[in-house]
Amino acid sequence: MQIPPALDPAEAVQVAMPDSLLEVKLFRGETTLIIKPDDIAKVAQYLRDTPGLVYNFLSDISAVDYYPDYNRPERFGVAYHIYSMLYNRRLRLKVFVPEEAPEVPTVTSVWPGANWLEREIFDMMGINFSGHPDMRRLLMPQDWDGHPHRRDYPLGYEQVQFSFNVEDILKHKPLAKE
Amino acid sequence: MGVTSKLGNLGVVTTTLDTAVNWARTGAMWPLLFGLACCAIEYMSTQASNYDMSRFGMELNRATPRQADLLIVSGRVTRKMAPVVRQLYDQMASPKWVISMGDCASCGGVYNNYAVVQGVDEIIPVDVYVAGCPPRPEQLLHGILTLHQKVQSETISQWA
Amino acid sequence: MAVVQSPDSYIQEGKWEGNLEQLKGLVSERAFTGETMLLNMGPHHPSTHGVLRVLLELDGERIVTAVPDIGYLHTGIEKSIEAKTYEKGVTLTDRMDYLSPLSNNMAFCMAVEKLADIDVPERAQLIRVMVLELQRIASHLVWLGTHAIDLGAMSVLLYCFREREKVLDMLEMLSGQRMMGSYIRPGGVWRDITPDFKPALRKFLDEFPRSINDYQALLEKNPLWIDRTQGVGVIEPEVALAWSMTGPSLRGSGVNWDIRKAEPYSGYETFDFNVPLGEHGDVYDRFMCRILELWESVKILDQGYKRLSDKGPFRTDNRKYVPPPRSELGRSMEAVIHHFKLWTEGFSVPDEEVYVSVESPRGEIGCYLHGTGGTKPRRVHFKTPSLIHVSALPIMSQGHFIADLVAIIGSVDIVLGDCDR
Amino acid sequence: MALDAFAPITALFVISLLVTLLILFISRIFGPQRPSVRKAAPYESGMKPIGPAIRRLPVQFYLVAVLFILFDIEVIFFLPWAVIFRDLAVYGLVTMGVFTLILTIGLVYEWKSGALEWE
């Protein structure tokens, strides 16, 4: 059978869904399509199913918190890294999510492998994925309060014991007797 | 080390009894099959053919806490795992000892953050701390021998 | 919010474990009527290869649903790296996938090199490839040992660990540490190879094929092994791709995708080796894929041995990113300045994002790195293969017995440090 | 007189009694007993068990148990035969052969009717 020629993802999405593609970025040989948050699932479905693109493999979903310097349109960014095995090339879909109600539609309908990746981002960054089959915390205990990987969440640093301060640390450090 | 000095001239019965019971305890101290993280892999190398922990009476790694005498906490104890470690320690039969293997179990090690308990002695009483990240098998064996010396110097008043 | 929690909050009754109401949507209705049994194949279990808890809903011996629950080894490595400079962050990446630490180093360092545009000398790339293949052999040996002992073959574990000690000795010659050497640094490798590395490698490469034959003789045609593994945990190629499984677990279902071949990095295109594939996608095919990968790694190491010179450049001499060797400090002023700047503040990286993927023994480790323009990363996210394989466990174990679940967990080679980070 | 003929057997009996009692009670004497609620709780890989432990068992377990008892009784009848195997030469072989044949017919019947399959 004859493999259809590879289309350029940026133009293809520009032609098919002009209003959802906000910007195209090129950096160190990687193309990034910045998409409107509401129709990420639509774009993902399109990219996976059209014959010239066939991005059939979801490699990774990562979330970034631009907390102190806010130099991006919104505070949170979610990056979907997808890969096309047929044409052997990678693509990144970037979505910016506001700080108050971080909400992104889920892509588990397109790639079921996104199930746990989205749960981890909900657990670590507090970004809710609407339509996700099982939106629970993944890594932290179910009743943990706060989202640890946000940049305003303290690292939870505990003072290290050295010879000069070991007494007063051990005074209020709870050691189990039995 | 009162016990060993008394051994020479067949002292009071209790001291020979101490020696006998302590010798029996260090002879076959079975560890709990309990591995958390990277130290567990070094713990497996210590148990495997090259370093062979069975030479020190640790032939079997018992999977249930009921049949284990020694809990080797090998790896980093996280906030979510802490109640489980405490539960395992509670469910072990009574003459039981704890070796905290590696820096992460002894003092939180390289992870000084929200997710790791800074030293397993916050949860369970620890007998011997083994340093290293991960400690070499020889270091763990040295820790085990230190524990054996500690057990051999115990007296009846401590555990009767 | 109370970040450092007091110890008695750890030990509160019933606070952490899932009680019946929380499982409403996860398990079928028959669990609440008492028809099926809910059993914790919990964090402390001999055959979960770490602290993985699988809540099993059992009908007699058969698994109705399996609900994996991870996070028992989540140590916040990514959050800790955000507080460190790039050079110091490398040692933290060692402890993620503790069976093959160098693959994590490689993913992180390649991401840093791509973001900061650091070049790596050709010889350093060759050393990196050889060290990665040595690490793959060591990791596959631990997998084979634990997978076999889970299914009852005790002696295989002892043989595998005997060979693994030889590999660990070689890695110790290079990096000074058996497992967590942090040998791969941004810009190349930490130190040049020591004079007794090549003879030890030559001796290992002559003896190791005979040991692989022993393993194959022990297990490959063993009827017990075949009964326990063939036809168990079958996963079709489309389902494996949809659930983004990678590495030998994906190639066991017949999908021909290996990052070393598809997107060659660090000079892999100059080596010729082939990628073993399975047909049925069951536990036996994944087992065979990894065993044949041992042969391929030996082949790569052989070719690398012939090309590796004893002396030569092992790290880029771009002083903006790599501290100069101590010998140079006495002579040139710039070296002292670079040395001081790099070790106190570290090098700065543009405020951009980069994604790099590396073929680790378990699958594709993807490192997403986002810089802040300063010396500390804004965000590091590792997409690790074990997380994906644990999420795919319920599909593979549908309708099997508990004993088969043990074989399936062993076959997808899960490491919980890799999964929880 | 005749009594000392029994000395070795009584010594043997007393020593064996002592050793068994020693093994039974030595851990109770020297081992520290520290019962606690958490120690008495059932062990389920470190978690609290969910739901009752005693519950309705699937019927296959019962079927396997009954079949085991049936063939266990058959083995019991082999034991006396094995004791006097030499004397009952051919006669013993024939009678026990018939006995086993009857039971084998039972085994083949249940094998064909699928009682041995787990489903």
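Which chain is which? They are A, B, C and D, in the order written, and residues in each are numbered from 1.
Please note the rule applied: a residue touches a chain if its C-beta (ideal position, glycine included) is under 8 Å from a C-beta of that chain, and two chains touch if they have at least 3 such contacts.
Note that the coordinates shown come from a computational prediction; the quantities given were computed from them, not determined experimentally.
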Considering only mean CA positions as chain centres, point out the chain farthest from subunit A. D
B-C or A-B - the one linked by more C-beta pairs in contact: B-C
Averaging only over C-alpha atoms, locate the centres of subunit A and subunit D and give their separation in whole Å. 59
Separation of the C-alpha centres, subunit A versus subunit B, in whole Å, is 42
So how far apart, in whole Å, are subunit B and subunit C when each is placed at the average of its C-alpha atoms? 29
So, what's the distance in Å between the C-alpha centres of subunit C and subunit A? 21
What residues in subunit D touch two or more of the other chains? 46-47
Where subunit C touches two or more other chains at once, the residues are 3-4, 7, 15-16, 18, 42-45, 71, 74, 76, 79-80, 420
Quick one: which residues in subunit B touch 2 or more of the other chains? 79-80, 84, 88, 112-115, 122-123
Tell me the shape of the graph of touching chains, choosing from line, ring, star, complete and other. other
Contacts from subunit B onto subunit A in the complex sit at residues 79-80, 107-108, 112-115, 118, 121-125
Listed in rising order, subunit B residues that touch subunit D in their complex are 21, 64-66, 84-85, 87-88, 90-91, 93-95, 159-160
Residue numbers on subunit D that touch subunit C, as the complex places them: 44-52, 55-58, 60-61, 118
Within the complex, which stretch of subunit C touches subunit B? 3-5, 7, 10-12, 15-16, 42-46, 50-51, 71-77, 79-80, 91-92, 95, 98-99, 142, 145-146, 157-159, 161-162, 164-165, 168, 178-180, 416-417, 420
Quick check on the complex: what are the subunit D residues that touch subunit B? 30-34, 36, 38-39, 41, 43, 46-47
